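Heads up, the next two complexes both have subunit A, just with different partners, subunit B and then subunit C.
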Partner chain A sequence: MLFTDSAFIIGLVVLCVTYFLIPKKFRWMLLLAASVLFYAYSGLSNLLYIAATTVSTYFVTRKLDAMAGARKEYLAAHKSEMKREEKKAYKEAANKRRFRLLVGLLVLNFGILAVIKYGAFAMRNMNALAGLFGNDNAFPIPQFLLPMGISFYTFQTMGYAIDVYREKYPHEKNIAKLGLFVSFFPQLIQGPISRYDELSEPLYAGNGFQPRRVLFGTQRILWGYCKKMILADRILPAVTVLISDPEQYYGVYAFLGILYYMLQLYADFTGGIDITIGIGQVLGIPLAENFERPFFSKNITEYWRRWHITLNTWFKDYLFYPLSVCKPMLNLSKWSREKLGKTIGKYVPVYVATIAVWFLTGLWHGAAWNFIVWGLMNAVVILISERMTPLYEKFHAKYKWSNTRAYDGFQAVRTTLLMGCLRMFDCYRDVPMTFKMFSSMFTSFNFHVLWDGSLMKLSLTGWDYMILLIGTGILLTASLLGRRGSVRKMVLDRSPVLSCVLTVAMFLAVLIFGAYGIGYDSSQFIYNQF
Partner chain B sequence: MITHKYRNYVMEETMMSETYETLVGILKDLHEDVDFETCETLIDDKILDSFDIITVITEISNEFDVAIPADKIIPENFNSAKALAALIESLEED
Partner chain C sequence: MTKKKVVQSGVAMAVSAAVLTAAAQRLVQPKYMADVVEGNLIADYYKSGFDHDVVFVGDCECYENFSPVTLWEKNGISSAIRGSAQQLIWQSYYLLEDTLRYEKPDVAVFNVLSMKYDTPQNEAYNRMSIEGMRWSKSKADCIRASMTEEESFLSYVFPILRYHSRWNELTAEDFRYYFGAKPNFFSGYYLRADIKAAENVPEGRPLTDYSFGETCWEYLEKMRVLCEENDVKLLLIKAPSLYPYWYDEWDAQITEYAAAHNLPYLNFLDEKRIAEVGIDFTTDTYDGGLHMNVYGAEKLSVWLGEYLSEEFSLEDRRKEPELAAYWLDICVRYHTEFEKQKENLRIYGNVKGIPEKEEENGTPKE
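Up next, the complex of A and B:
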């Protein structure tokens, strides 16, 4: 089921009304029932996967808590009779047992994800390898249907389990409530990946009806639909045409493809997240923001701090930091320091962990080499940019004009174009083809396509271009205004009537300018595939 | 439960220590223009990023033979040199 399905929209309205009508203590149960129904709609068998994650996480985190409690009790009871070394050895042994249990849970859940999402990719690569030795098709290719949102809920739930292991908070004692945390329906399509300590309280509380919050939530939902249906879905046919026939669409077309795809991806992903966060806001459940005007970033590191924030912070907290500071990594650093010098030794953990994280980030986006290469290219650019930082600082100190707004704008455009070039791996889904199309931008000067009417043959009419231009302009203006605070709040503070007019205008805009038509089928959200 | 008063006391004591002096030296190597002795918003103001944090932890491991676990990488411990020195000393005692 998509956010754009009429069944979803009707169901959402019914849910919101019912939520505020029933007693508070039953409200989380209603959300759980809605989440299960929503998930079951995508395939009844998919419920098995999400149930396996919920049940395994519940029992393991319960045991982790019990083991931590037993450890604390034992240490308190034997406080006076144990020496410091004995206490340390006891703690280490107890934590080792807990760690093994956690690893078991992680292997099980990431194992399910790996087999379903990456099984076929792994086997295809094994076959290619076996083919080199004359053994064609040695391994059968498994065929699994990817359960909706499996990457998102697996990451969110394993983050919770790691936090319980770290004793950041106790485990959730009610398995049904844990089930709601794992499966909360607005997040299943494309995140955000929430943290238990931030989400659980409002999720289970049964929040009261607040007109201002409901208005803001509704406006956010409508803004999301505007982005998705007016911009993303409208430009989608042109993106499809441009990338489906690279033999015809190269040079300037490839550059246009980057711009179109960037707009489609941004409007699609942020639109979906706006709808998700808006639903949460109507229900009084604040969800984590996933974007912070990423295209205003001055460099790629900043861009990744502002794009898909919850995935990146997940990788940072649960992979980058643990990998960088684990004992083998610190030993590797010491070894490199002795053998290769102080500077290299100092940066080894950062480099190795960055490459590992971006390899996995690429893999997270899809089971294909183009995504892996995309991830590694990001790592390379980030590391080069990091090493160049002292040079940039000297440059900015020497040339005062580089500290102006105009130069900030130049940096933002540069970062956007750089990210666009990297996104070509995502677009063409073929590594050699991506390099070919990238080089065509510098070798084929077919600028005439910009004015000879060729742009009208990309499944877009003049009317479509006009809507896209105005829509992008409004998007940019809203982003610029948003730097000073919530635009919705600014409008409401100025005039409640204007706020209501804006809400109705967005609703009408979706109805009038949304991409519809005979045979039209609203497209899947891009990030739902991940 | 560690009270704020006790924490401040520990941090005051820490400032006098050799650990603190060495740590400030490590931090200065990364950002020579930052006043690490007074700054208490190293993470909140994005002065130290994740790369800096890992580099500092690597250097701490090398200088003090102390491994800072991943779950201790929180803003509270890295916002100031004083807090970080206090963390190192508490890990040394453990």
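Up next, the complex of A and C:
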């Protein structure tokens, strides 16, 4: 079920009304029931996977807490009898047991994800390798239907388990409540990846009806639908045409493809997240922001701080930092300093951790080489950019004009185009083809397609272009205004009537200008596929 | 903001959204006035006086081949056609069910061509058959039975979900007829005065299986029972359309069914009957034998009027003042339209009165 399905929209309205009508103590149960129903709609068998994650996480985190409690009790009881070294040794032994338990949980859950999502990819590569030795199709290709949102809920739940292991907070004692945290339905389609300590309280609280919050939530939902249905789904056919026939659509077309795909991806992903966060807001459950005007970023590192924020912070907190300080990495650091010198040696662990994180980020996005190459290319650009930071600083110090707003704008456009070029791996989903199309932009100068009517043959009419232009303009204006704070709050504070008018206008805009129904290929949310 | 003001704002917002949606919905819904005028036939019925002796249900072979005006003028039979393009048998059944909510005719005439379609066929035709129906259980059932895979029930409840993309195709017609369609039709009949002789009509290709589908039989049986329960006599007909081809094997099945249930069945493709009616396929069809033009429809209606009067003892009601006044209006419009089309044919060569060049550029109607 998608956010754009009529069954979802009707169900959501019914859920929101019911949520505020029933007693507070039952509200989280209603959300759990809705989440289970929502998930079951995508396939009853999928419930097994999410149930396995919930149950395994519940029992392991309970045990982790119990072991931590026992350790504390033992140490408190033997405080006076034990020497410092003995205490340390006891702690280490106890933590080792807890660590092994945690690793077991991570292996189980990431194992499920790996087998289902990456099994076929791995086997195809094994077959290719075996083929080199004359052994074709040596390994059978497993066929699994990817359960909806498995990457999102697995990461969210494992993040929770790691936090419990780190004793950041105690485990959730009610398995049904944990089930709600794992399966909270608005997040299942494309995140955000929430943290238990931020989400649990409002999720279980049974929040009261607050008109202002409901209005803001509704506006955010409608804004999300505007992005998804008016912009993303409208430009989708043109993107499909452009990437489906690279022999015909190269050169300037490839550049247009970048722009179109960036708009589609941004409108689709942020639109979906707006709907998710808006639903949370209506229900009084604040969800983590996943975007912060990424196309205003001055460099790629900043871009990745503003795009898919919750995934990147997850990787930072649960992979990059632990990887940077783990024993093998410290040994590598020591070795590299000794063998390669202090200057180069100090970068080696950072580079290894960065490349590992981006390799996995690429893999997270899809079981294909194009995603892996995309991830690694990001790592390369980030590392080069960071190495060149001193040069940039000198440049900015020397040339004052490089500190102006105009130059900021130039940097934002440059970053956007750079990200667009990297997105070609994602768009064409074929590594050699991506390189071919990228080079065609600099070798084929078919600029005539911009004015000879060719643009009208990309499954877009003049009306479509008009809507896309106006829509993108509104999007940009809203983003610019949003730098000063919540646009919704600004409008409501200025004029409640205007706020209501805008709400109705967004509703009508989606209804009339949305690309949905017969004659349109309504699409999956892109990030739902990851 | 006080609680009262919050509630008031919420209600105002919801009401304005609903009103504007309804207004936009009415605007983008096709009006079927200048083009594909058959789209209005179903809704047109509700403007009638619900006093009909005979009600026809069926597809284009009904609404283009029988003239209720002729039935009235020659035999004093008050009739209505509840037909639309490619109207499927279950749509005919539910339309008959819907009709019985308003009146109890003496005879229901069903054209059997739609027995060939056992599954939902075409969204555009579904829309024309169903959207004009007033809301009732019959309409809801009809939608459920008719929907193709790509359709949704909700888009029948809120047609804006289907027609929203027409915002950039709106014409003056959409604004002119915003508040209602002009009376265009003649008790469900679609008048065409042009002539295109039936030439080189293809023979039917052999089929692997000539049996009608189960769903069709189920609805034919339901229609029979519905008529029986409501004391309406059911007359089965096959209109004299040469194409789509009507196979002898199909005819045999209908004949057998009719005989088994003691129902009259008239096949107007029967050569003897064609001669009896006087149909000339060189002059009485406007599209090469698919449908009768007004000349053919009038001949057919003269014959049928006699048959209905005799077989079903239908009285001549021309002396009923109220009914006569109602029919007078239809007859005047009918003859005016007939004359107008003849005039258009004389001046422009087409019934719509479109100068030749424009017609060439126009999109041909299905």
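Methods note: the second predicted complex is superposed on the first by the 527 of 530 C-alpha atoms of A that agree within 3 Å, B and C clash if a C-alpha of one lies under 4 Å from a C-alpha of the other, contacts with A are read in each partner's own complex, and residues count from 1 in each chain.
Heads up, the rule we're going with is that a residue touches a chain if its C-beta (ideal position, glycine included) is under 8 Å from a C-beta of that chain, and two chains touch if they have at least 3 such contacts.
Please read all numbers here as calculations on a predicted model, not as lab measurements.
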Exercise for review: Check the residue A:L21 against both partner chains and state whether it touches subunit B (first), subunit C (second), both, or neither.
Suggested key: neither
Review point. Touch check for A:P322: first (subunit B), second (subunit C), both, or neither?
Key: first
Point to revise | Partner with the higher number of touched subunit A residues, subunit C or subunit B | key: B
Review point. Thinking of the overlay built on chain A, is A:L330 touched by subunit B (first), by subunit C (second), by both, or by neither?
Key: first
Practice item. Mind working out whether A:E386 is in touch with subunit B, subunit C, both or neither, as first, second, both or neither? Key: first
Check your understanding: Which partner does A:R166 reach: the first (subunit B), the second (subunit C), both, or neither?
Key -> first
Practice item. Could you look at A:P496 and tell me whether it touches subunit B, subunit C, both or neither (first, second, both, neither)? Key: second
**Study point:** First, second, both or neither for A:V115, with subunit B first and subunit C second
**Key:** neither
Review point. Which bits of subunit C are touching subunit A when the two form their complex?
Key: 1, 6, 9-10, 12-13, 16-17, 20-21, 24, 28, 123, 150-152, 154-155, 160-162, 164-165, 167-168
Point to revise | Residues of subunit A touching subunit B in the complex | key: 88, 166, 168, 301, 316-317, 320-322, 324-327, 330, 333-334, 337, 345-350, 353-354, 386
**Study point:** Residues of subunit B that touch subunit A when the two form their complex
**Key:** 49-51, 53-55, 57-59, 61-62, 67-71, 73, 94
Review point. Of all residues in subunit A, which touch subunit C in the complex?
Key: 6, 211, 461, 463, 496, 500, 503-504, 507-508, 511-520
